[in-house]
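The following pair of complexes shares a single chain, subunit A, combined with subunit B in the former and subunit C in the latter.
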Partner chain A sequence: MSIMEYNGGSVIAMVGKDCVAIASDLRLGVQSLSISSNFQKIFPVTDRIYVGLPGLASDVTTLHEQFRYRVNMYTIKEEREIEPQTFAQMVSSTLYERRFGPYFIEPVIAGMQRTPSGSYEPFIAATDLIGCLNFAKDFVVAGTASSELFGAAEGLWEPDLEAEDLFETISQTLLNAVDRDTFSGWGAVVHVMTKDKVITRTLKGRMD
Partner chain B sequence: MPDGSFSHPQQRSFNPYTENGGTILAIAGADFTVIAGDTRQSEGYSIQTRYAPKVFRLTDRAVLAVNGFAADGNMFVKKVKQRLEWYRHAHAKDMPLRAIARLIQTMLYAQRFFPYYVYNILGGIEEDGTGAVYSFDPVGSYEREACRAAGAAQSLVQPFLDNQIYFKNQQAAPGQSHPLHLPLSDVLSIVIDSFTSATERHIEVGDGLEMYVVLAKGRSAQGLEGGRGVQELTTRTDGDRVFVIRRELKKD
Partner chain C sequence: MECSFAITGKGYVIVAADTTAAHSIIKVKLDEDKIKTLSPHLLMAYSGEPGDTVQFAEYIERNIRLYQIRNTYPLRPSSAASWIRRALADSLRSRKPYSVNLLLGGYDTSTYTPHLYWIDYLGTLTEVPFGAHGYGSYFALSLLDRYHDPEASLEEGLATLKRCIDEVSKRLLVAPGRYKVKVVDKDGVREVEI
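Right, the complex of A and B next:
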């Protein structure tokens, strides 16, 4: 019995042209028994950062609260919002603090990063359960359907997708990947972020 | 113990199986079938060879892809070919595809308690001239399908195939429906994309790609004959035809 696969669930994030997308399934289960089809694994951190937390459901809640606390402390001290890059480092150190008794979560971070010129550029990152960061330029995946997500994303993703096309690409990638994973599925949620707005859509999927 | 005494409990073991990596894939069209496999053979993190074929021509209308334990795979193909030769001698014709599929089932199930550690995918042309794919588990359970991936990168490739071949999670334009079969050029593109994707993300896939194309009798071989890296393997004229297309894959 793997703790990483106890509750099931998967998250993916992709980069597009001046936009990012992050998506997850909505299943919560206890091994093969499905409990909920509306278990949110992706949370807003700021207006321009989302974090996905696939893994052990109890640690999803714990880490979400932990991140909320640390981001609030950062905002008060610095008197400004945290940037995605900085938040990724915060996630990494939070997890590595528990190096020898880890949270069973593999976070995925997506956001729009402010550049020195004042514009915004897409940012994605993912870590393993002890906080080893992966700053990919194309897409990152995590969760029980990670190998299916890697295969589907590698075949469907292309550079410089516009927001609407990125939505279609990440949705198709996620839906087809979770349909081949018994621990993921039961609906999906997709967030597409541009510099000035986020579009959130809940998708219907196979319910088996 | 080293002194040869039996005063302590001892245990010995021998594992007759190993996994040799690689991936195979087959897609059926209306009047053709594509059966493909990479050519890397590995054991653990080591590459044993960059060219070990996993896809074999059985007859002018049947091609078999074998993946899993390479020693068992080669032996199994050898025995299937032997049975097909006996059939030719007895009946003066090639065995039909659906009969080969049933033969493979009985040959695999005969080893139910010491199985061939292989996943088989049989592709070719049915007697009615349609493209067909049969996929097997190691003990002979089988099914006819339109497409199937197996092996190390099955979990990477199959969701992509579900999407691109079966149009899963896609809605057809109003008043229209999804095609049941794709043209050969589209299928070959999907096969190449599947293997380049698998090569990118799976360490056991790469080096070379062999795509066997079986064409139904009378179907035009336009675009295949004289193409880059294309070789015809057909033995008799006026029947179904077999081609192989070889491509390089990344070697890292």
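Right, the complex of A and C next:
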């Protein structure tokens, strides 16, 4: 039994055409016993950044509070909001600070990055539990259903999906992947972000 | 073995915990109160490693009381839950972590809503409509999935709790004999007989 699989849960993020999506399941369990079907693992960081924190549930809350503190301090000192790219580096260094006694979390970051020309482009990233960053151009996955998510996403994802199509793709990918995983499922939440708004939808899944 | 349950209903939370104090396979006390009243509208059922439980529960109790003395008003249930969780999460990565599981039931007098939090020794915190700790949870949670009603009256809530206790007594080999049951609602905390 690994501590990474103790509470269960999975997160996925995908890039679309001028949009990004991030989604997770809602289960909290203690090994195979389900405790809650409404445990949020994805948190808003700014209006343009979301972070998903699958892994040990205790560290989900601890890291969420830690990131909230660091982002607030950044906002006050810099007098501007943090960019997704910068936030990803903050996540990485926060985790690497605990290199030899890590937080058992594999964060997934999704956001809209401001370009020098003033437009916005989609940004996704993921790290392992000690903060090794993975900047992907298509999709990133993490959590107990990560291998199932890789398979489903590899088959369903295609480049330049519009926001509504991206929502359908990420939802089907997540729902089908978590149904093959004992430790994930029990409903899902999906956030689809474009340059000016975020649409959040809660999905019903198989409750078994 | 130790069992604790809690369920929310219309304007109240019921918290129940067994009353046995065990030393390995021996029952040394049959009327131990394992539910602390932290503030006028907050209850905490604790279970886990003997010694750690009482030590930690008293630490929490005194600090919640200190907050109320300093600020006139007590912490609201959600804030108290966050603070208690942090105490456990910090303890987990210390040299000698507390091995204590909690059910925190409270009535928020500002929003007039009942809240129940499930907390374990790792510092896992989640708000739930009903929760349980110990071997009894395997029976109680599946029963409550079927019978729990968030709009139930106190009488109905106590009847549902009784079903859980009876099922545990019937099916669990190491079932505890007696339970203490406390209710928190708009009028504060009180003990009830079942």
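Throughout what follows, the second predicted complex is superposed on the first by the 208 of 208 C-alpha atoms of A that agree within 3 Å, B and C clash if a C-alpha of one lies under 4 Å from a C-alpha of the other, contacts with A are read in each partner's own complex, and residues count from 1 in each chain.
Please note the rule applied: a contact is a pair of C-beta atoms (placed from the backbone, for glycine too) under 8 Å apart; a residue touches a chain by one contact, two chains touch by 3 or more.
These figures come from a predicted structure and were not determined experimentally.
In the superposed model, A:57 lies in contact with subunit C only, and not with subunit B. When both complexes are overlaid on chain A, the residue A:89 reaches neither subunit B nor subunit C.
Of the two partner chains, subunit B is the only one touched by A:175; subunit C is not. In the overlay built on the shared chain, the residue A:66 is in contact with neither subunit B nor subunit C. Once chain A of one complex is fitted onto chain A of the other, the partner contacts of A:39 are limited to subunit C, with no touch recorded for subunit B. Within the superposed three-chain model, A:147 lies in touch with subunit B and out of touch with subunit C [touch as defined at top]. Taken together, the subunit A residues at the contact with subunit B in this complex read 147-148, 150-152, 154-156, 171-172, 175-177, 179-180, 205. For subunit B in complex with subunit A, the touching residues are 153, 155-160, 162-164, 168-170, 193-194, 197-198, 200-201.
Within the complex formed with subunit A, the residues of subunit C that make contact are 85-86, 88-89, 92-93, 118, 120, 122-128, 131, 137-138, 141. Residues 7, 28, 30, 33-36, 38-39, 56-58, 61-62, 65, 101 of subunit A are the ones touching subunit C in the complex.
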